[in-house]
Amino acid sequence: MFYAQLIVNGLVQGLIVGLAALAVTLVFGVARFANAATGDTMTFGAYAALIGHKATGSLVVAGGAAVGATALLSLTVYALVFRKLAGRSVVALLVTSIGVGFLLRSVLGIVFGHNQQLFTVPLVRPIRFNGLIINPFDLQLAAVAAVALVGVFLVLYATPIGRRMRAVADNRELALVSGIRPERVMIALWLLVGAVTGVAGMMLGMKTIVSPELGWEMLLPAFAAAILGGIGSPVGAVLAGLLLGVAQELSTPFVGFTYKLSISFVVLLLVLLVRPRGLFGRLEGVR
Amino acid sequence: MEAYLVAIAIVALIYVLLALGLTLQYGFTGLINFGHVGFFAIGAYTSAILAMNGLPLVLSFAAGTIVAGLAAWPIGLIALRLRDDYFAIVTLGFSETVRLVITSEKWLTNGVQGIPAIPRMFAGISVGSLASFAVLAVLLVVTIVAILGMGRIVKSPFGRIIEAIRDNEDAVKALGKDPARFKVQVLILGSGLAGLAGAFYAHYITYIVPDQFIPLVTFYVWMAIIIGGVGRVSGAVVGTVLLMVLLEGSRFIRDVMPFISDVEMASVRLGVIGLLLILFTIYRPQGLMGDFTRR
Amino acid sequence: MINRRTLLTAVAGTGALMAAPSILRAQGAGAGPIRIGALNPVTGSGSPYGSGMQKMILAAAEAVNAAGGAAGRPIEIIAEDTQTNPQAGVLAAKKLIEANKVQAILGTWSSGVSLAVIPLCNDAGIPLFHCSGAPALSTPPANAKGLGFRFQATNDRFGRAFAEICVKEGFKRPATMAFNNASGIGNTEGFRKAWEAKGGKVVESVVYEPNQSTYRSELMKVLAAQPDVIVTGSYLADTTILLREWFQSGQPVRWIIPGWAANPDLIKALGPEVTEDIISVDSVSNEGSPAYAQYDAAYQKAMNQPGSANVYAAMTWDMVNVLALAIEAAGSADMAAVVPKLREVGNPPGTVVSSFAEGKAALKNGKINYDGASSVLDFDQYGDVTPDFGAYFIKGGKLERRYIVKI
């Protein structure tokens, strides 16, 4: 029962990481770089949701605000920064995205200050199930993650723009030759990424507290999960997030609460050495 | 005032050593090491712990350098099997793991309490400012030796090969050279330099604690070499000087711009660094000093 | 917003002596203002306190100068930010010592910064007044020359206060949870020592890492030991998350939390239901004292908040007063002469005084004993003070002080 509860705790942790990893993996898969601004963009989403929630008291409005505002921000950053770097080295993009993250965090710090802020939602008692303690909020979190995943899937597999996105992810040159206009694909990609990042940020903010440093701390686990899941694989990202979360919590009786943070890297390293593509390979191509 | 400038110069030179290590690894060989601060920490702790146990500083510095270099060896072996950007994430994870180890292993590192009262260099010279001038002189000599050494490496056959690895690894393989061996050697050399920088840091600040070895330090060094010019020794130096001006100069900015509070200054500092990184990669990818033509 | 320069001018101006420095200098060697460094955590994790600490140093210096200065000389404050970071703290201290030639450094906050700065003070032969908790700052090598003076309780003393409260409240099975840094662990380890000295046993202790999105496994381990109270060494952000998850777990337990975490912000964040009956422990300022009344007025004026909002600011207020009185008693700003006088003006016996002006007058008639705003300010052999602690209970969303713990 003790271990079962650890697994539940790990799943909760993993859901948050998985959502962030979903955003990372989309950019990694299509635009081909590790976007280090993801964490701070999540923070932005959390603040957007907070403002929406404070103004209306409705979590749905808050979610809408997070999705809308973050999608717009994401598109703006693409237009102003990443578009200009098309075709440059992975490192150039990675370093620039770190710069974007710093700038974003700096602006959030100046605008909102460094005091912690919270979503004031009523606290509810947990559901007890055969001795397992499950928090209703975590079930909602799981539902949101599932919806986000399904949403990403629908966009990728049930819309024309999604098909083109996968084509670009699969083979950029071939996609261009086949007459796909990369600009449109990229706009759609960054809007989608922004929406996912906004949701991830809001969930993280609701689970913890909102401060300008919120998202930055999520970045490393999210990268680990995206790579572990296989670049460009949405399902892989979420599953890898869950796997890392569970591995981390299950390790605590043996390695304690400090070393659990490095478990992610150990798992990642082992998997990469055995299977360099990650667990789920990359976005499947279109035929 | 001059002693304050000496203090800044000492910290700046420590960062120059770090930047030189990274220039060797990334600038010359294309290895994306995002875990630089991990080797810096290993050097700092190794030298500090040995010196606290009575080892002469000359030996503890050497040990710090060697241990940091050796720590890079397994990382190098792993590097060969990973994509560039994966390697970046793995090294970042490595430096965080180093931080967790020095946080947890209290018997060795005194954990979160840190190691206070680390022996200073030239402790025998009682006059405060003279001792710092001596530290500065030694650092300057070490840095110049490192720069000259790197200059020689670049001009040597070894240097041509590592630069060739950066530019076209397959071609190097086709020539019958094994890029793997060179990559590991470069990683060890650069990390050794970071370890040496760590030893200087520990014995200059005289107090080390895990909080000082966060990934932000790595990103500062990256900023320095990107703004200075990747793949250029002069770039590493100029970039670091600019970094120090940014970090320390903000103490004086408030005299000119009184409307910014100290609290906002911390945010502004971060924002300026972010903006510079963006602007330089977009508009001047070769940096201030560079003629870095690759991509 | 007031910038450093205008404040400096204001401070200097009230002294009314700066106006004609050349005349002063003509009066003899060692004239001119006495330069003192204010080195506070204005940014970084100490930022909730740093600005207030700095402003109270400036305000206290202003009061000293209004009373004619110390040993006939005005005090000039040069303020710097440590960024709550040892490296930045060292560089700032170097600037203060070397570029500004200060005679003392006042108001470092985190133990890491104090430990990094104190060797510089030892070299320069000037005192460091700090608000850090780490026990290492009391003894050599850090305090090799007896130049370090601590205005805050050590972590050990906090731990002793926690243990006293556990006894008083009849708790039998305490557990601890500590944030993994020097101060967090210092508090819970101090508690363990004091509690075990009383023959008690700590049923479980957990050290956790910052910046986690959930602390449920950590909580689970502690709660599994069935403690009746959890003593923490924690900060605001992590305490917020911990308490929320604990409340949702539904297992009843009481909490004893340091005052910098269990504060009005915590109540605001979690609401009265979650925080009901939490015991918040803080060193209490010397609130009944006349010195506190003066400090409170100055703090209200500078920060627009009651003085109780920032215990560290009360400490920095006292730092300036004690230093100025010691300078007055020594008759010069030569620190070799001033440092031995610090205990003389701060500790009993002597006429009890509560401000610089009062002390300056009383010094003419013999020994004085400054009772400060932060505590009665009696330094022990290590340069540490022993403030009183307050046990505050959160009731209906308000912090109510139930009793004072003297250790």
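Quick notes
The chains carry the letters A, B and C, assigned in the order they are written, with residues numbered from 1 in each.
The rule is short, and it goes like this: a contact is a pair of C-beta atoms (placed from the backbone, for glycine too) under 8 Å apart; a residue touches a chain by one contact, two chains touch by 3 or more.
As the structure is a computational prediction, the values presented were derived from the model and not from experiment.
Taken chain by chain, the contacts link every pair, so each chain touches all the others. The count of contacting C-beta pairs peaks for the chain pair A-B. In this assembly, the C-alpha centroid of chain A lies 41 Å from the C-alpha centroid of chain C.
Once the centre of each chain is set as its mean CA position, chain A and chain B turn out to be 30 Å apart.
One inter-chain figure worth recording: chain B and chain C are separated by 35 Å, centre to centre, where each centre is the mean of the chain's CA atoms. Residues of chain A in contact with at least two other chains: 114, 256, 258, 261.
In chain C, the residues that touch at least two other chains are 47, 180. Among the residues of chain B, those touching two or more other chains are numbered 103, 263, 266. For chain B in complex with chain C, the touching residues are 1-4, 7-8, 11, 103, 111-114, 116-117, 120, 128-129, 205-207, 209, 211-212, 247-248, 251, 254-255, 258-259, 261-263, 265-266. Chain B makes touch with chain A in their complex at residues 26, 32, 78, 81-86, 88-90, 92-94, 96-97, 100, 103-104, 219, 222, 226, 263-264, 266-278, 281-282, 285, 294-295. The touching residues of chain C, when paired with chain B in their complex, are 1, 3-6, 42-44, 47, 50-51, 80-81, 83, 85-88, 90-92, 94-95, 97-99, 112, 115-116, 119, 123-124, 134, 136, 141-142, 180-182, 184-186. The residues of chain A lying in touch with chain B in their complex are 33-34, 81, 84-85, 87-92, 94-96, 98-107, 109-110, 113-114, 212, 220, 223-224, 227, 256, 258-259, 261-262, 264-265, 268-269, 272-273, 276. Against chain C, the residues of chain A that register as touching in their complex are 2, 5-6, 9-10, 12-13, 16, 114-116, 118, 120, 123-126, 133, 135, 137, 204, 207-209, 211, 213, 217-218, 249, 252, 256-258, 261.
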